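Next, two complexes with chain A in common: one pairs it with chain B, the other with chain C.
What follows is the complex of A and B.
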């Protein structure tokens, strides 16, 4: 389980990094390495070059008008422990805490998580829940992609060769909104089999499902169903699952996590 | 193992079969040999089709006759020649300057393939395509144990008939396997390998390669967990040895996790069809258990697997009539071996689930049905009327089984159960209690040896063939020696598993080292103590009987004293102050224990949470309390893995699905609950009075957890692991 040979480049400026990515065919970006390195070792990924962006100045958490801007190399652990994030976006801190184990969170980055687009990715689900914008840099310059439009499917995004996720901008939820995030996993630290992220405010709310479907999906209409149990039932009826053996159980589990997330959000809502 | 290096070392990688069952022809060896950094490619032809011989001690003929044991062991090729029989089977080995280069070269090798249908499950194996000429009908072993008389039908009030299925799981230690072979100047090879059985590795490799045994020295370095998975001789150990000898360079191989999960031995995978007849009071009248073990492509210990399962099917209960029949079948799954518990957890699962089903049928408390059937203290020692694998009639050692049951129950705090039930039910969950009892044969022979040697500086070396894989021999065996010699444990150094330091050995497995190696160390230490006294008498010019050994020194009747160091530094002492003892138990030592668990089950998701976990176990007097506790708690952790998480699954086509630790789920410390322990210390009949404990914690966990979840849901959970899907499904059909 050793990788096939590849070239290794470690640029120190964003311009150099974009330059390398643009000119090197079949290059991949190494950020925290928590998904890429195992894929390299199992030879599931066979890039000609690995561009290590660990030296780029992309480790900032900054307040912006109406939200928070998180640079791509900010780790899950940084998010989980950041005073600013805990003050303004506790949902994001809670989502980061649900990721893997401390060793994984201390290396894995938010940008890597967005670009990898695992169906169970918690921060990506929160980005979709909050209508976050993913900032992408390429040789053409800088553009923003709505988080919900970034993902095409399981481990698949609209990102093109030469693109690099450089930041995520999270707008704050409406003031007074309560939040909740819940997952079902076999063991602490596993990928969630089903997850839900709820935001509730007087007269409205949002619900995002992740883990079950090939990409996280917003099912806000379910919130109108009423109490948490009814929301959960409605939510389960809105999810389309590939017809797998454990279909009925998966929906039952999903219902349970939705109820948990909605209950949590209702508890936190300021009325 | 991965930290062991030698200058100039080369790296070996293995081309493994991607097919569960196929005829193959290896191609493009010449091209791969020319790849960058490649030194050598080994195929089956280079090895003359060498096989790994079984080194497992044969059962005693009296046992084979007594239980109609029949063996048709499948051969184990070092490298597959024409047919591959599981995904992961080794086909060729590449030696190169780096592991990455070796893996690159394996990609250049090509296979011509003629796929054959895969035999995966029991139902495929019987009457399906025969996998080996040597294994008629795919039945590698069979056993029949019958004792007593069938009860008259009129006395039977209730009969339980159940199918109980134990999933396929295995050791999966923290450290994978690995081996490093070094050619010595004198033509010998030194092999470091992560093994539990260095002497058997030496015997098997030298036999496979046609070498004299003296040509190979095998050393087990610090090994990060064995649990039975490293009590086997594997192809890679033969391959690095062969390549090092051929290339005259050190050659190493370190198993990666993928290799471990597809090609290291797995275990369990049993189906039991039982019939338990009880009278109106729940008293057992008869028990029949017909079981099948899916051993996969091979098993070095197939006789042991079915014998151990069969003999432990009787449990700690009075059973007027018992009929246990078992078969082991080959399939196109990975090879298997004994794994911590080795048949006992499976037998315990079948019997203890049956008892709970019977109790439910009679509206009896699960503890009560066991109270009514346990062998009573006055009946012990209890003759089972059957031979043990060593041919000696089975006799359960003296103990107090009912007291152990009540102790375990008390540890689980029955007074807290109503409150726990309320809390669970208020949260929409269910609460259940489960218990399971077991007996366990430990400390099996045929022997283990120890060489105890006083060094010139007054410190003492202990050499034994029983290699440690984390069992704490450096503490326990040192203590045995230190106690006899009256010296500090810190001045005793235990070196396990170096075939040059002690000529014969069996290994560490089967809850045997403390008992068998421990008593060997004890005996050798006594001999050394006698020699110390002899030498002291000589130095002091006294008669031998005028000198006694006390508190680490010789004391003469005239008041003179002579310390260990004084004697050890005497000229000629080094040769005299050493003794080797090979200790053979007359037969096994029997222990007994009970586990009790309280669980909270979510009927919505199928999640199971352990609220209380208690184990009362008759461990005998312990050599080291912390080691005993560590063994019991670690055993329970692995038991929980089997109960709730671990499962080697295969697709219908024979592809392994559990190929990473993200799909093969082992228990982790974050989810492990507290275990409450009580050890009961009934002495065994060996000189140290001790019993084995290495596997004890694992035995009853699956049964206790399944019993608790079944009670919680009013359903029958008869298949492990109790995955959320299975538990949820049971909850849908339960009360």
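What follows is the complex of A and C.
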């Protein structure tokens, strides 16, 4: 369980990093390494070159008009502990806290989580729930991709060789909105088997399912079903699983986490 | 460019080495520096036995390349005891029988030290959450939780 040999570069400026990625399209980006390094160790990934972006100045959490901008190398632990995130977007802090264990959160980054696109990724689910924009830099310059359009499937995104996720911009939910996020896993730190992120405000709301399907999916219509138990039933009926018969238990678990997330959101809603 | 220069401090001492980029931090500590207190279990981030502190934060040294700690401050289990004395956390582990085979112990100790060196409520529940990323196959965790609670009562942490 040792990685195959690779070339290694550690650029210190964004321009240099983009140059390297453009010159070596077969390279992979190393940020926190909490998904990439296990894949290297198991030789599921055998890149010819690794571009370590750990020295780039991408560690900022900033307020922007109507939202928060989180640079790509901000770690899950930083998000969880950030006074600004806890004040303005506590949903994101709560999502970050659900990830792995503290020794994973101390190194794993938000940009890496977006680019890796695990079906159970909590911060990606929040990005999709909030209509966040993922900022991508390449030799062509900077562009923004809606979080819901970033992911095309399990561990698969629209990102091309030479692209680097450099930030995520989260719009704040409507004022007074309550939020809740819940997931089920057999052991603390595992990948969630079913997760739900709820936002509720007077007269409306949103619901996002994650961990069940190949990518997190918005099922906002379920919110109109009524009380939390009814929302959960409706939500489960809206999820298309590849093999419903084997995964009936997963839908049952999903119902329970939806109910929990919606109850939390209702409790936090300011009416 | 396969050999990379690595400079950092380990347990207070400056270190410099030429390493392959693919070398894990755990293997560098064990094989190059002969600091074999850090254990390597699963090599995929699940078991927690390789947990050490880098710049004060717990990390998995099997999921970190050695070259990634260039410039950082690294603390391993060897930093704890002096030649005369065990560290208060080690003493508490001994007193509460918090180890049997000892394989998970270095990772448990470093995780526990991070917990107590940072502000926040200390309870059996917060301890259980903190060590949830460290697997122990011998003790059933009860002694470990008691040991960390015992160590927390000593006035040496914040």
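The definition used in the following text is that the second predicted complex is superposed on the first by the 267 of 271 C-alpha atoms of A that agree within 3 Å, B and C clash if a C-alpha of one lies under 4 Å from a C-alpha of the other, contacts with A are read in each partner's own complex, and residues count from 1 in each chain.
One rule holds for everything that comes next: a contact is a pair of C-beta atoms (placed from the backbone, for glycine too) under 8 Å apart; a residue touches a chain by one contact, two chains touch by 3 or more.
Note that the structure is a prediction, hence the values are computed from the model and not measured.
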Touched chain A residues, chain B compared with chain C: C
Partner chain(s) touched by A:42 [first = chain B, second = chain C, both, neither]: both
First (chain B), second (chain C), both or neither touched by A:65: neither
Partner chain(s) touched by A:5 [first = chain B, second = chain C, both, neither]: both
Which of chain B and chain C A:270 touches, first, second, both or neither: neither
Chain B versus chain C as contact partner of A:188, first or second or both or neither: both
Overlap of the chain B and chain C footprints on chain A, listed as residue numbers: 1-5, 38, 41-42, 101, 187-189
Complex contact set, residues of chain B against chain A: 98-100, 103-104, 256-259, 602, 604-607, 645, 660, 662, 665, 667-668, 670-671, 724-725, 728-729
Chain A-touching residues of chain C, taken from the complex the two chains share: 1-2, 4, 20-22, 24, 27, 43-45, 48, 51, 57-60, 62-65, 67-68, 70, 111, 114, 129-130, 132-133
Touching residues (chain side chain A, partner chain B) in the complex: 1-5, 38, 41-43, 101, 184, 186-191, 246, 249, 252-253, 255-256
Complex contact set, residues of chain A against chain C: 1-10, 30, 33-34, 37-38, 40-42, 50, 52, 54, 77, 100-104, 106-107, 187-189
